[in-house]
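Attaching a single structure in structure tokens format; questions to follow.
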Amino acid sequence: MNAQLSLRKLLTIVCEADLETLVVRDLKALGARGYTITDARGDGTHGARDAAWPASANIRIEVLCTEQTANDIVEHLKNRYYANYGMVTFLLDVQVLRPDKF
Amino acid sequence: MNAQLSLRKLLTIVCEADLETLVVRDLKALGARGYTITDARGDGTHGARDAAWPASANIRIEVLCTEQTANDIVEHLKNRYYANYGMVTFLLDVQVLRPDKF
Amino acid sequence: MNAQLSLRKLLTIVCEADLETLVVRDLKALGARGYTITDARGDGTHGARDAAWPASANIRIEVLCTEQTANDIVEHLKNRYYANYGMVTFLLDVQVLRPDKF
Amino acid sequence: MPFEPVILFFILGLFAGVVRSDLKIPGVLYESLSIFLLLAIGLKGGVELARYALADLVGPALIVVLVATLIPLVAFPILHRLGGFARADAASIAAHYGSVSVVTFAVAASFLARIGEPAEGYMVVFLVLLEFPALLIGVILARRTVGKTKWGPLLHEVFSGKSIVLLIGGLLIGWVTGAEGIKPLDQLFFALFKGMLAFFLLEMGLVAASRMADLRRAGPFLLGFATLMPLSAGLLGILTANLLDLSVGGAVLLATLYASASYIAAPAAMRIAVPEANPALSIGAALGITFPFNLLIGIPAYHWLAIRLKGVI
Amino acid sequence: MPFEPVILFFILGLFAGVVRSDLKIPGVLYESLSIFLLLAIGLKGGVELARYALADLVGPALIVVLVATLIPLVAFPILHRLGGFARADAASIAAHYGSVSVVTFAVAASFLARIGEPAEGYMVVFLVLLEFPALLIGVILARRTVGKTKWGPLLHEVFSGKSIVLLIGGLLIGWVTGAEGIKPLDQLFFALFKGMLAFFLLEMGLVAASRMADLRRAGPFLLGFATLMPLSAGLLGILTANLLDLSVGGAVLLATLYASASYIAAPAAMRIAVPEANPALSIGAALGITFPFNLLIGIPAYHWLAIRLKGVI
Amino acid sequence: MPFEPVILFFILGLFAGVVRSDLKIPGVLYESLSIFLLLAIGLKGGVELARYALADLVGPALIVVLVATLIPLVAFPILHRLGGFARADAASIAAHYGSVSVVTFAVAASFLARIGEPAEGYMVVFLVLLEFPALLIGVILARRTVGKTKWGPLLHEVFSGKSIVLLIGGLLIGWVTGAEGIKPLDQLFFALFKGMLAFFLLEMGLVAASRMADLRRAGPFLLGFATLMPLSAGLLGILTANLLDLSVGGAVLLATLYASASYIAAPAAMRIAVPEANPALSIGAALGITFPFNLLIGIPAYHWLAIRLKGVI
């Protein structure tokens, strides 16, 4: 591994587009220093979401952060949204420059 | 690693947008329980695809699934599409909550 | 791991949309054989970028390549863009078919 | 022609959805058209409004809004007690039906224009006023107690919601500018209105087709509700219009407002405020049944009724 | 002015593409405009159609379609035998040229309108009918045997394709509604048609510029084919029109239909049905050469020919 | 009505942004509208231009461009020396103010049309010519030496930029086609122009609202600059117009060109050519302050001044 690189977590959240404002607020409150969002569609337990209109659109949010922050966010999302909303999250290790940024 | 989390595969497929209906049908048939799609553009062996019109648009499909399902899908895609279509797939391990969901 | 699969690097770059032409040219010059781009929005040290107009839009670029190429690209991006532009990159290992393609 | 031509576009969209055509209307076009329609309806209403003394509207508006609160308050126990729906689901559906569908209103207005039936120009004000009270009632019904809800964010969500901002913004601009001042904008906002509505209805047809599948699971009770509720609410609208001495056209529009179910403001607001409610039920009923029902049967029926009931009350 | 003004927009797009301008037209706008154009052409055709007895069209339609099948059937051996193209490529290119380009048709119609040359109103019916037979022929040519192909999905793909749904949907709505009923929609679908076409052509210019690069690899044979094929097919169209006793305007439109190559329906259908075919060849030829060729040279040439050949056959 | 009605749409967008409404206008709609506006302005200018002998415009154009170079050359030391801004920031802001805002120009033109004040039809040529020299000056100011800069890519970026391509492309098409030939396109490009402008201004209001936050950090000097600079440049424009013996309307348009700050071409070009400059400063000032200032105060003020100063110089 390149010596300049450090390990951080990449947390990816796929959820209903209606949740954007709420989830983004939560991310900031839980210590995320940034995030990236792309528009998405998909299928899952809550049925097909084809993004043909706002009520059936998804978003895909990525957060680079420390393991601690990632765990906090996952814990919070699970408690706050999993029961009632279409949402999927996954975590993985990535190498970043400037580890203090995340 | 957070004790609640389990390992699953994340399979990412980048391909021509025209294939969406076919590939999605295949994914379901091969056991995927969900997927996420974003619109994309790109470049590769089949030349630049700038998404300026439908014939040059790509999509990016993500599937969270078991290793077995991931291998089945990769095998199928290879046989069915690789020869004739612009398509790239890659696999990695990710941590998820609710492993039975995928 | 499936015997057909080999390891390659997946390099992801999130940056200002205005940089697309420049960064794509750099990627090719540094040996990338392909890339995938999706439109994105986000937040970070350079402030919120909501994609409401071109000056506040982001893009998310993915490059599958060898470790050497990935390191070269990261090094170049760091020197050329990090000081003045909103940009984040991260690297991870992924499994691919056809390793010679990347 | 029994139908408004614009309705044929809805049917085309429905058909394309049902045969799984690859016709897909980009989500961005949906959003752009809905911004256009909301703004145009607001502007048109504002221009008309300039002809009335606002003070004269306060009384009628109050009555219209008060009577409208009956809709969610009656719908809720029907759904919860009779229909056996969970509290949250019953409340959310009730909120959708208590609120209004802007596009259904637009189709009714163009139905009246086609048959040459005039209506009071200030009906758009009622449209705006009827949009949100039912949403608040829905949240109270779902929560059972007023205390627990964080009203701040909800009120913000409702009042800064795009449909309210565009409708009220359009109203104000139209009102301030007046028929003369707005002329240079007529070509976009008025002359194209019906074509844009047709385009939007094509899209709504596609969306409605995908929603109908949701409904298969919902059972016959909701289907019955989604047709009888608009009929009853439409009747209530006509009687209220008679009470206020509105014209036949005005009665049809008020009936349509009462009878229609929201699918722009309500889904987003309910999704956040009543998370436990299953949106497939409320949107499925509002968009999959009630919307086409009102377009095809409801509006002509309200007109038929409004003529027959003219003077009653 | 020798050119239709809308063609200048195509040239502007082409220029912007060639100088690598950062002018990019969002893909969503492309899709929105193409939905608009297909729908508008259908509507216009439907309104015109109301003036004719459908039964009278059956015979001519049959002849038009039958003669048109010659195009892919002749193009295929030329490409495969003479040109040395692989079976799949030859079949796919043949299918593109056998099918029709809606936008080329629209430009021809507006060329005729500008010079005041009338044409039969029912030509849009031929446009619809000519869209798909060549696609089926192309698949058969590629597969060699009719047996192996899964016809179900392919037929579904073709008949539920967005261009067929919108054209036929528009036709029916226009036909049912009639010129009077459609009036409120005129402002969007008819008055704006030419402007929207201009906008779309700007976009097509950008796309065509990027396709021309593909062609450099294709060699001179395909270039020759992409200009001689439309000329011959155009001639065939004029002769067929004379056989059917169409007006000069009708002959120009039929020539344009025969001469034009599809790049909305055909690329998507061929990509799925004949995967081995390289789309760079078929799209490069259809969009990079034949489309501009028809716009700039073909349409005036067919007009010139149609006048000279009037009465021949 | 003191305001142009279109300005009310800007205020509505600003309001929606400030109250954090969920009204979001899709980025794709922004791009589509800006392509439309640039093309339409070019076309209109081209049609008007056909009435003039081009040779007569060379002299005035030269003077207009030369005088305009004063704007960045004066703005730079003010920002760098007096304001204490870094060299790159001062140069980039100077470039934004030296270049022009197409939308501000369009609002001024529609202001004049409303009050019936005629203006020279060739002002659009000045708009095109004024767009880029300031960008080059900005780069030189930032680099200090002309040598170090890679001019090739920068010149390509500027001249193949979408605003130049669309404006000049539109100009040429309008010029070649003429008022008669362009008629079929009038409905889209001219009749809808003002409505589209209103829609775009709604969007600009939302964007401007988000930019105002940036400005809080920038301090009062930039705020002062962003209002006094347009006033002074506007005055310079009026005097230059008098020198050239333009009409009052022409003076208002030239004043608006000088006074306005670019936010289509400049931000993209400066971001690449002067990376060290903080775009929050230049865009914040140009869009957050100067743009609304010109709309609400500047344009009427330039008109007032142009009348009073008529004949001076």
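Each chain carries a letter (A, B, C, D, E and F) given by its place in the written order, and its residues are counted from 1.
Going forward, contacts are C-beta pairs under 8 Å (C-beta built on N, C-alpha and C of every residue); 3 or more make two chains touch, one makes a residue touch a chain.
Note that the coordinates shown come from a computational prediction; the quantities given were computed from them, not determined experimentally.
Chemist: In terms of CA centroid distance, which chain is the most far removed from chain F?
Modeler: B
Chemist: Among the chains, which has its CA centre at the largest distance from chain E's?
Modeler: In terms of C-alpha centroids, the chain at the greatest distance from chain E is A.
Chemist: For the chain pairs D-E and C-F, which is connected through the larger number of C-beta pairs in contact?
Modeler: Most contacts of the two pairs: D-E.
Chemist: In terms of residue numbering, is the interface formed by chain D and chain F classified as same (over half shared) or different (under half shared)?
Modeler: The interface of chain D with chain F is built from mostly unshared positions.
Chemist: Chain C to chain E: how many Å between their CA centres?
Modeler: 40
Chemist: Using mean CA coordinates as chain centres, what's the chain A-chain B distance in Å?
Modeler: Centre-to-centre distance between chain A and chain B: 19 Å.
Chemist: Please report how many Å separate the Cα centroid of chain A from that of chain D, as a whole number.
Modeler: Each chain's C-alpha centroid was found; their separation is 35 Å.
Chemist: Averaged over CA atoms, how far is the centre of chain C from the centre of chain D? Could you give it in whole Å?
Modeler: Result: the chain centres lie 46 Å from each other.
Chemist: Using the touch rule from the top of the page, what residues of chain C touch 2 or more other chains?
Modeler: In chain C, residues 38-39, 92 touch at least two other chains, as defined above.
Chemist: Among all residues of chain D, which ones touch two or more of the remaining chains?
Modeler: Residue numbers touching two or more other chains: 22, 24-25, 28, 31, 187, 192, 268.
Chemist: Which chains touch which?
Modeler: A-B, A-C, A-D, B-C, B-E, C-F, D-E, D-F, E-F
Chemist: For a test of understanding, state which residues of chain D touch chain A in their complex under the given definition.
Modeler: 24-25, 27, 30-31, 203, 206-207, 210, 214, 263, 267-268, 271-272, 275-276, 279-280, 283
Chemist: Under the definition above, what is the set of chain E residues touching chain F in their complex?
Modeler: 1, 5-6, 8-9, 12, 15-16, 19-26, 28-29, 110, 113-114, 187, 191-192, 194-196, 198-199, 202
Chemist: Over in the complex, which chain A residues touch chain B? Could you list them?
Modeler: 12, 14, 38-45, 58, 60, 71, 74, 78, 82, 88-92
Chemist: Help me check something: in the complex, which residues belonging to chain C touch chain B?
Modeler: 2, 4-5, 8, 10, 24, 33-39, 62, 64, 92-98, 101
Chemist: Quick one: which bits of chain E touch chain D in the complex? Just the residue numbers, please.
Modeler: Touching chain D: residues 28, 31-32, 35-36, 39, 156-157, 160-162, 165-166, 169, 172-173, 176-178, 181-182, 184-185, 187-189, 192, 268 of chain E.
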